[in-house]
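Note that chain A is present in both complexes that follow, paired respectively with chain B and with chain C.
Now for the complex of A and B:
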């Protein structure tokens, strides 16, 4: 069992990239992308931190004139937006993208180009947000951007538009990363890594990825409502026309509270990786810990109303959410007690990463306790919108995100760079950060009790707030110095730090099996896993094997191609060889065009109208099969006994990356439409007459006929899949064309129906939601039509064969989804007004 | 790999439906309970959709109590199935390389989920009886 030098140099060539600017721009390797996320996130963190310092200077003295109200509003909004959307979530995704393949024992994420695309989208939207500061158009409505303050009547500038478009782009980037993380964890684990051997960090990240899939689309929908209200006079949040500003809060906080857990669950995952290493024993309570991530993930979607206790909801309704807010302390507590038990039974090794873990425990518990306090409705009403809340969430987020992250960077820095971080300067930075943080934020609890409201740019003298505010400002600079020392340590060690061995901390998890820094291909031989801490409890992570063959050799991995092993979801049994795409400029081009499309919404819709077809063209180019992809030998070949490639595995009933990618795209689309339908019922439940005003309930006959035309499309799609399985590619192409024509017929009916309506999106809230759901579905059908057209083209060109069905199956999945999604939407729009219309009230 | 092959050759110690029901039912039940309950409360306060009462309890409270009881029955059922599953795999002992460790993991997961969501339900029921409606 050895890997020859030839094989290693071939792997290096295969997985490497040219050391040029174009090579840099076209990189898709998970380590390159992950590192870029981390560095970019740290830059945004520093910018947001500077914004915080400027605010602290302003608040140091009463009636200070260092900043005016407008500048302060922009700074506190940018601080929140940057910390939430540009730092906390993306940097944790970056850590995950860097570490996941290393921890799972694979060579890359399953969608490397998508991974790169997500990063560029994130970067462009972050630059857009911060650039707007220099033009005085930075968002200024708070990171939560409440309607109706954010409506054009009260915020007429571009500030809110920039918030809505940039945040929507960031959501796209987060969703891309989430799909990437889930698919990689599901099907790219090393052989033997059953679900009960998955590292806790990975558990945390996967739960976060699922949360992103369910939490982010509602915010995209809310942002769409807001932009439509601002740009084309819809009435989603206009109470005078049947809208409801509280709808914004529901949609925002359905995203916003899970967002808090999305930020700190990865922190808990990092802590779960550090603690065993520095306690010199396996973590205590692996199963409860993994489960606590799952439970937190579910419960986080049942607590959003606790942000709305002051909005006049029914007390009993609020109390159900109050209960969930209390109960979530249990799985959070499990994390802390498991950590303490592991310390108790372990042999502690006091190094800087462990200090940050101790800092995390102290601060996070403090934040958790105040969290339980504000889960109580009467208490929450007392401290609502005061500095007590500011203190609470900084204790939770800095405790749950920043301290684990700083500890994690310290822990993995040797792996990433091959150099150790300085210990003395590391300890100094920890203590300054820890002390500075507590001195800055603890007094805010007291200020809150003293009645100081948050988001005020100044205050009058004589209220008793002066001393504490000045103290906090000084302490904030202590915190800043601590963080500055940390960054200086990073730079200094990167240049001249002592060399690190492959496993300098003696850790037990797989990433430490690689060289420091890891090679482009991560593992010369894909490992086999038989334990939670394979480096501690296995003589070797290579297979017990009579024939002395590595998994690479046994399953036919060719070092000359970007291939890695795909395994089953629960038991990690090897099933396929996944061929990974190589470097490409397409991701950055696609991200740039997406940016153009979104930014057009702010400045001129013509730009967006140009951007949409451009985007379609770019995605078309993205999906053109490579010349090698046409070669049957390339997609089906391999040594005897080798696993099938992912391109043909689909025909054997194995779920391929394409299957998973399409499944999650469909899931995201479904969540978007579910958010739209829920908004429809929410708006309906708040008015007596529905449809509002003089609008009659919609005609059912034409929409029903149009819908039947769409649904009949299921028949040719079914026939297409069947033809493909039989190797009848002409039948496949014809069936896809038939489905396309039926979908186009549906579009025709839809245009006819909408053109004949005597109301539009600007008539009232009913018109707004009715038109939006119809147009959104219209767009969804257009996407399906485009996919069917491309698939039919490739079917006629002979690309799809009996074995190579992957793309055709994925298109069929989307076509089916389009039909299925329309069923509840049709019932919602066309039948419920008769069942629950104005006559019922 | 030999170990993976062994895993695949083992007969499944727990039925697939029983395994997934015990795992997923508590969560699904709680999600439905919370969201339907919240919507019904909001609609009652806006529209008075339950214009009846019995035993001194308003219509909405009766409906919510009924929902709580049904949800509790569902979670208890999931727990019973989970316990049966646990007995089926309970003879297993660590370490991690246990051939059916994955089942054991999923069974324990189901039991913990049942426990936490049952607790949630009990706590909610106290509010349903005692807290003001609107």
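Now for the complex of A and C:
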């Protein structure tokens, strides 16, 4: 054993944080952040559950007056919003953030501060939502918030604004976590964890992260449309001015259906971690299972119209979505039968986590079967928007999210807290939850057939709905007692549970190698992985093995600073030492400023206008290189043979965390602009004249000249990258300044062009989308200009060297992306009206 | 490891759990069959129309297939579990792999689901085709416009408007064209056909064919704001001759008041704010915001399917609609008792 006590205590000092309030607020460790996500998620789960119980009390009797319509509508909206945006997605991200580095055999996520930032954004947004409930201004348009009901004409209060801002903030938090999860899995796995040794839980989480990257930006765009309609009289959803309320549904469900899979894929991941442990064998069908996650991820983007079968779209188009919805049954079937096969060939060990997996199979299969039923368009026309659907998706989501989660918490509780959960109380809570759930939700199928629609705050007597409603209300309390018992179990074990060993279940995956609870640094020595189940595989090289040199020493990790090993994407070959930031207050400050900026939209735009420059300043401070970063020894030092640090690895052709972070930022920005362009064509295809009304097709000459000015900027950016490689910092700075000037020239042309237009965003839907795409591009160029300015400043200060050009490269990537994104946008705005213009000419 | 070897969920626990499930199922089944003998449950499985029958046939196929799949999968799980319950706990790990084991996935996870979804899809296509077939022309077109929270019903060929009640000849195909004046609503008569959304700026259409005379409850199925819960209507299917009589009467202008009280009631109506929103054809009242009241007394319900249409309910609705339907766009009427009596007498005369 080559790890001395000295090294251990150094690691503890390096990865720890002061036990003060400020230390708590500035924590960035993935376990702290993950645990906060989980605890916060459970609190929101309880609040949303209480909302559900209040709704059940109201519905116990016909014409009940326990809640009025306003209160009920806010509660059912908040129940949905909280269960999805504040509970299911974030808590699964929390589980992922807690477990990912442990499962991958590393010491933290790749962007620890971003991680903390995401958590605070989530927390502030959730608090805003629930606070609004106490002022009676909680969202009341349903979690789906359909336009035009959500437009200011029909919902003048603040309620909808709260929805739009809070949900957009939550999307930001989810996107941040997604980038984090992808980058960590790609480049921070333990040496030897090749792509076919990645645990299935990690596969599921990574697929989810990719789905978030593609699904969430369209909803941010939709929310932006909605807020613009509400605040500055645009017409995106106003049919009278060429807008289309169905555009909202497309954008919402393009997000909303993948959202369902974003919620339950992590559940499937948890299940595939529990099953092998309690079957005492590797899971059967690792490759089909991983592939089925991927297939579900793809298919989930091809089914959104099945929420819109009653909107009278073209039958052929809808049939394709119907088929795609049927096909989801196949990857889901793979999941279930891989589980059954593993049970069959395994030796079952009946413990509470396995009970929850059985519960998952029972409930999820039922939800899957009703899911196949409603994929049929004719049948859906009868049950759509009835209690049948309420039953269906509670079976899917409670089966696919809650039961795996409760099983997972039971399974990992010993690892996280060092204490076991009670078994008897655990079993009791399972049975009460399982039975209470089925008694509450199964009758809803029948109520749906009896004609009871969703989202009604009361119902008339004499329609035959009374008996089942009362029954469900009583059953809901059985479910609630079961869950309460589960929570009591957690509290009881936290206080006085029996001590857990490091691996109480005899599991095979890497997280069980750490102490319970894991030390701040996770692994005293980074393990080398030789199998999917390293702890079950005899030849796994573990720290206990007598080795001449531990990986830490071999790769030159300095225990005195936060360093982790960066590995290659497919084969997990060690490539770089990633120097990670330490604790910081910047994440919480940035989240607070972001919150201010968003909430300003609800109350007073002035607050937002103050918030935006503040946000720019905070992100600037966030990115100021530390004083040690100027020290060449700090940047490229280390014992002989050690891996290069991530600050210089970029110059050796290795993809650094900065590269991945920038690549995904660009991808997200691209999805945003793709959503905008798609909306442009959607609006165009639903009117006869384009541009609408008396507006002429846009003049091409001035925009083309302005765009050429922007595109010519590619030349100085190319020079900048070349100068950086040669260590010519002055050339780098000058080239960035030249690109900056060209971008500013482009902005000048844009201002000139837009100022000369005889229509604006409030003229009609064409004006709305034309202005928005231009202004969004405008804002994107401003961001690029800010980046170029900062990079040029540091270039002149001599920060960038031949080795350390990571930051300059990242800025160049963003500058290129800005230029490239504008090409399709330019063609869309200025050329397509001539090619596919007014049908009258 | 040794400490945790006791199999805590042993035979007893398993049997208790199974019994609990059985008991729960029994309670559930009992409660379903015990649900009160309802007057008129608007059930989509009570096939009173061509559309609901076609969809209903598909449903029973799906139900048979779905329950079989559920029972087989859960039966398999149950079999695996109970086979192992008696086995002593052995925590050693078995690392064996055999590619043949993947047959579970090939057969259970891929082949069988593929066959089942193909069958389900075939039946789906079958009902889609059956719903789209139009061997006979439609005898009538009715336009329905969704409002918060009531239904404007227009018979364009006969050139009149009514509200919250659609009358159709039984056994005939009737085209219904729907749209909305404000937010999205959804038009649904469960016993007769599936739903279709009412979208502002668009007109969608469906064909209803009721197979038996009767009145069927229509329900707004898309959340449309505060009073979504109280937005119902009645679809009344009548024998063709009686339907023609109704149509003939409905086309007429409102009858003149027959007595002094009704005459006074008409004056009250025409001199109050009622006229800004309501129309009574044949009088000066021509508001287009609220329901047309030309033949209000002959309708089955008030307040969009919420109340039975009788004098007491009508008086209650006029005096304080906000108590019955909080948030409804109709303001309370401030009337003296005598004026109210007169107004009621007049409105009750509008058959």
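Going forward, the second predicted complex is superposed on the first by the 829 of 841 C-alpha atoms of A that agree within 3 Å, B and C clash if a C-alpha of one lies under 4 Å from a C-alpha of the other, contacts with A are read in each partner's own complex, and residues count from 1 in each chain.
Please note the rule applied: contacts are C-beta pairs under 8 Å (C-beta built on N, C-alpha and C of every residue); 3 or more make two chains touch, one makes a residue touch a chain.
Because the structure is predicted, anything quoted here is derived from the model rather than measured.
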Worksheet item: Can A:220 be said to touch chain B (first), chain C (second), both, or neither?
Response: neither
Item to complete: State whether A:228 touches chain B only (first), chain C only (second), both chains, or neither.
Response: neither
Discussion item. Quick check on the superposed pair: does A:316 touch chain B, chain C, both, or neither? Answer first, second, both or neither.
Written reply: first
Worksheet entry | Touched partner set for A:52, first chain B, second chain C, both or neither | neither
Discussion item. Applying the document's definition of touch, where does A:390 land relative to chain B and chain C: first, second, both, or neither?
Written reply: neither
Discussion item. Looking at A:326, would you say it contacts chain B, chain C, both, or neither? Reply first, second, both or neither.
Written reply: both
Fill in: Residue contacts with chain A in the superposition, chain B compared against chain C
C
Item to complete: Look at A:288 in the shared chain and tell me whether it touches chain B only, chain C only, both, or neither; answer first, second, both or neither.
Response: both
Worksheet item: First (chain B), second (chain C), both or neither: which does A:717 touch?
Response: neither
Item to complete: Across the two complexes, find the residues of chain A that touch chain B and also touch chain C.
Response: 288, 315, 319, 322-323, 326-327, 330, 537
Item to complete: Enumerate the contact residues on chain B facing chain A in the complex.
Response: 1-4, 7-8, 27, 30-31, 34, 37-38, 41-47, 64, 95-97, 101-102, 104-106, 108-109, 112-113, 116, 119-120, 123-124, 127-128, 131-134
Worksheet, complete the sentence: Within their complex, chain A touches chain B through residues 191-192, 194-197, 287-288, 290-291, 294-295, 298, 301-302, 305, 313-317, 319-324, 326-327, 330-331, 528, 530-532, 537, 543-545, 551, 554, 570-574, 685-686, 841
Worksheet item: Of all residues in chain C, which touch chain A in the complex?
Response: 1, 4, 7-10, 13-14, 16-17, 20-21, 24, 27-28, 31-32, 34-36, 38-45, 52, 54-55, 58-59, 62, 66, 69-70, 73-74, 76-77, 80-81, 84-85, 87, 89-97, 101-102, 104-105, 107-110, 112-114, 116-117, 120-121, 123-125, 127-128, 131-132, 148, 182-184, 186, 188, 190-191, 193-197, 199-202, 204, 217, 219-229, 232, 306, 326-327
Worksheet, complete the sentence: In the complex, chain A touches chain C at residues 68-70, 73, 141-142, 146, 148-149, 153-155, 239-240, 244-246, 280-282, 284-285, 288, 310-312, 315, 319, 322-323, 326-327, 329-330, 332-338, 340-341, 343-352, 354-355, 358, 361-362, 365-366, 369-370, 372-373, 375-386, 423-424, 427, 431, 435, 438-439, 442-443, 446, 449-451, 453-460, 462-468, 471, 501, 503-506, 508, 536-537
